[in-house]
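Per-chain residue numbering starts at 1, and chain names A, B, C and D are given in the order in which the chains are listed.
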Amino acid sequence: MALSREQIAMRVAQELQDGYYVNLGIGIPTLVANYVPQGMEVMLQSENGLLGMGQFPTEDELDADMINAGKQTVTATTGASIFDSAESFAMIRGGHVDLTVLGAFEVDVNGNIASYMIPGKLIKGMGGAMDLVAGADNIIVTMTHASKHGDSKLLPECTLPLTGKGCIKKVLTDLAFIEIKEGKFHLLERAPGVSVEEIVKLTSGEMVVPEHVPEMQF
Amino acid sequence: MAGFDKVVSSYEEAMAGLEDNMTVIAGGFGLCGIPENLIAEIKRKGTKDLTVVSNNCGVDDFGLGVLLPDRQIKKIVASYVGENAEFERQMMSGELEVELTPQGTLAEKMRAGGAGIPAFFTATGYGTPVAEGKEEREFDGRKYIMEESIKGDFAIVKAWKADRYGNLVFRKTARNFNPMAATAGKITVVEVEEIVEPGELDPDQIHTPGIYVDRLIQGTFEKRIEQRTIRTADNS
Amino acid sequence: MAGFDKVVSSYEEAMAGLEDNMTVIAGGFGLCGIPENLIAEIKRKGTKDLTVVSNNCGVDDFGLGVLLPDRQIKKIVASYVGENAEFERQMMSGELEVELTPQGTLAEKMRAGGAGIPAFFTATGYGTPVAEGKEEREFDGRKYIMEESIKGDFAIVKAWKADRYGNLVFRKTARNFNPMAATAGKITVVEVEEIVEPGELDPDQIHTPGIYVDRLIQGTFEKRIEQRTIRTADNS
Amino acid sequence: MALSREQIAMRVAQELQDGYYVNLGIGIPTLVANYVPQGMEVMLQSENGLLGMGQFPTEDELDADMINAGKQTVTATTGASIFDSAESFAMIRGGHVDLTVLGAFEVDVNGNIASYMIPGKLIKGMGGAMDLVAGADNIIVTMTHASKHGDSKLLPECTLPLTGKGCIKKVLTDLAFIEIKEGKFHLLERAPGVSVEEIVKLTSGEMVVPEHVPEMQF
């Protein structure tokens, strides 16, 4: 069965390491914070200028000067630091963030990603996404494997305007965990109960399928 | 105004000299740390055909959004827009020119403008629509694009505290784009919650030195919250 | 070392992994704010043929100058040198390669190195020996040269206080090049006068966020003064 | 008579304006701080990261962490701010400093300046001088008009390696106050008791001399 949003977040959380600085995009990526393994510390970077993003505030803690990149009110954790936007993106662009998790509309076999614009329909802007995909070595894209109409989002070539070129190496969908290298998708894991055939059918870019594809473990 | 005292006594004085067709750089992220009263003064003045540089464009009735109904903005340079209906209408109809710029590139363009750096290279946007018409170049085997700096005729900034010399301290994530905006205006106007005497701020802890600030005014702020997300005390 | 605790227990551990031929970026201006014990550890280790990037090169028996007698420095990138005799001898004899770089350009090259900006344009040095071999370009009628960023295998930094997560606060003009150096090292090692627990430093007042810091050690410092200029209390 | 070092500083000080941010180089420029006119406030920028440089410390105030760009121990004035070197030169390069005063070995009719290197003799480096001359609109160079041997330092073309190209508009020597424009020196003022002839004789670059050349007033 396809993973729920929470399960996608849980699987991403397995990629965390102790001491990681992590930037989580809006939507499913945000949920990853809820599944940090016991005994492990990670620090969340929010690109509006906060390293050490904490949970939502209580009514008493609510502060208009304290928001995250999704414009939600948040708190800071113990040991947090706050800085300006140039410093925040110096951190991101300079490759100091250990892991970036973000959503996408499309990803292709060359590691291109389209995530910010649907011409004529959605033109809200890229925010910090272009900087994040250009700055991080270690990025996990989370998205559904295909649209509601069954159109694959894992393509031979992105059809929408790109957010970044050749920068994505790992994709976690509701069906599979996939690596991108040498111009191909490589199937690493499948969602519990989902068959390799189903995944292949919904992947329109070329995919390498090893003999044994393990199920994700939770 | 004698010596280094940057304090002005009215918002009218604060924005004196702003004219049609000028470029205004504004601090703020979403509705957080925006110079809300300086924006309101621009609305009151009715200045038209402005080019506005700001990460976002406010909402329908607050922040830079209030400059939309009277068509005061000709062009906006921003990373994320469309939080309000009138903006979308003007953009789609072509009445409003929108130059989408990645958030980090935008911050760096402002900083470069203030720092005498006319252009820099960044990997951000390489191979995307942002790269169109821009020079591409390889360094150490990686591709980058050249981005030019941004300067404004005016910069409008919201800080927390200032001394009369214009030394600024920002509070929490309301800092965001404000320090870069402060460096990039020919005339930099700052509104703050509190003005203190010189010497009250620790020299080691000043975020923006007064040299960047031309005019300073103390205001009262609504500080509207865009997305009020709360946890209950027991749900920690 | 668990989680974000950057504290190491010895200078040996602090500089572990430094090898011959590596590039080391050092904070400090003159003898002010220099990582004096980390430099002493490099002397003790005897690492050779280093490329050192630092505004100055210390004096004969203090600061980076202590690395000269054993010829540990192959090349230095600096804005102002020659405060010591051995340096001058090695430079004049060609034993030591010196790349003179304007002070502001040097600071910006370090910042760019840490910020993922491979190159930028500056008017500094245009038409001078510094411009030799560098690309020239005109923006808005003015001439600029292109300068590339600097990164180090190691960055060595002196701060005043840090928490265990590596969040740094500098004191007075001992800040100088240290914050930029901290961003530009593959491995950034920081020595401080005092280590406090996370939460003790105000998040709004941290000069260098801990994300840039890999190793942290508490030391004791001589803090030698290069030019002791004093006024008598009545001669104010 | 030729101006003393103090008189050169006094004449430069007449160019100050209330509220000016000023960077003073090592040597004679430093002395300018002693002659700020009564009732006028200027703030001194020291390029190692201090805006609001004060006087030397007393024994009690002495602090190794508090020096100026000349590496002398100093204090900070009330309302000072302290920052890193990148910020300091952003200020300088970005043209935010109102007046820069610095010394030189040579200046020429095209506004070129040589001030940092004598090949084979003095190779200590440019420090912040190249940034200062490239960043400031308003620069006053102070130097002696000629060497001890009578060789002019105001040249048709600098002979030493340049610190900056085409950036100097005003020179104050011990003999004269000179403006540089349109490829020529223009004699503005002469030191008290110094003849125009003497100045012309010691100026090897082309100089425009108006009919009346006023004496400097102190």
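The working rule: a contact is a pair of C-beta atoms (placed from the backbone, for glycine too) under 8 Å apart; a residue touches a chain by one contact, two chains touch by 3 or more.
Predicted, not measured: the structure shown is a model, and the values here were computed from it.
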Distance-maximising chain from subunit A - centres being C-alpha averages: D
Centre-of-Cα separation between subunit C and subunit A, whole angstrom: 36
Approximate Å spacing (C-alpha centroids) for the pair subunit C, subunit D: 28
Residues within subunit A bordering two or more other chains: 76, 82-83, 89, 92-93, 134-135
Residues of subunit C whose C-beta touches two or more other chains: 108, 111, 115-117, 122-123, 170-172, 175, 203-204
Complete list of chain pairs which touch one another: A-B, A-C, B-C, B-D, C-D
Residues of subunit C that touch subunit B when the two form their complex: 108, 112, 115-123, 137, 139-140, 142, 144, 148, 169-172, 175, 203-205
Subunit B residues touching subunit D - in the complex, by the definition given at the top: 1-4, 111, 113-117, 163-165, 167, 183, 198-199, 203-204, 206, 209-212
Partner subunit A, residues of subunit B touching it in the complex: 29-33, 55, 78-82, 91, 98, 100, 102-108, 110-111, 122-130, 143, 160, 170-180, 207, 223-233, 236
Subunit A residues touching subunit C - in the complex, by the definition given at the top: 18-19, 21, 40-41, 43, 45, 51-52, 76, 78-83, 87, 89-97, 134-135
Touching residues (chain side subunit A, partner subunit B) in the complex: 46-50, 55-60, 62-68, 70-74, 76, 82-86, 88-89, 92-93, 112, 117, 123-131, 134-135, 161-166
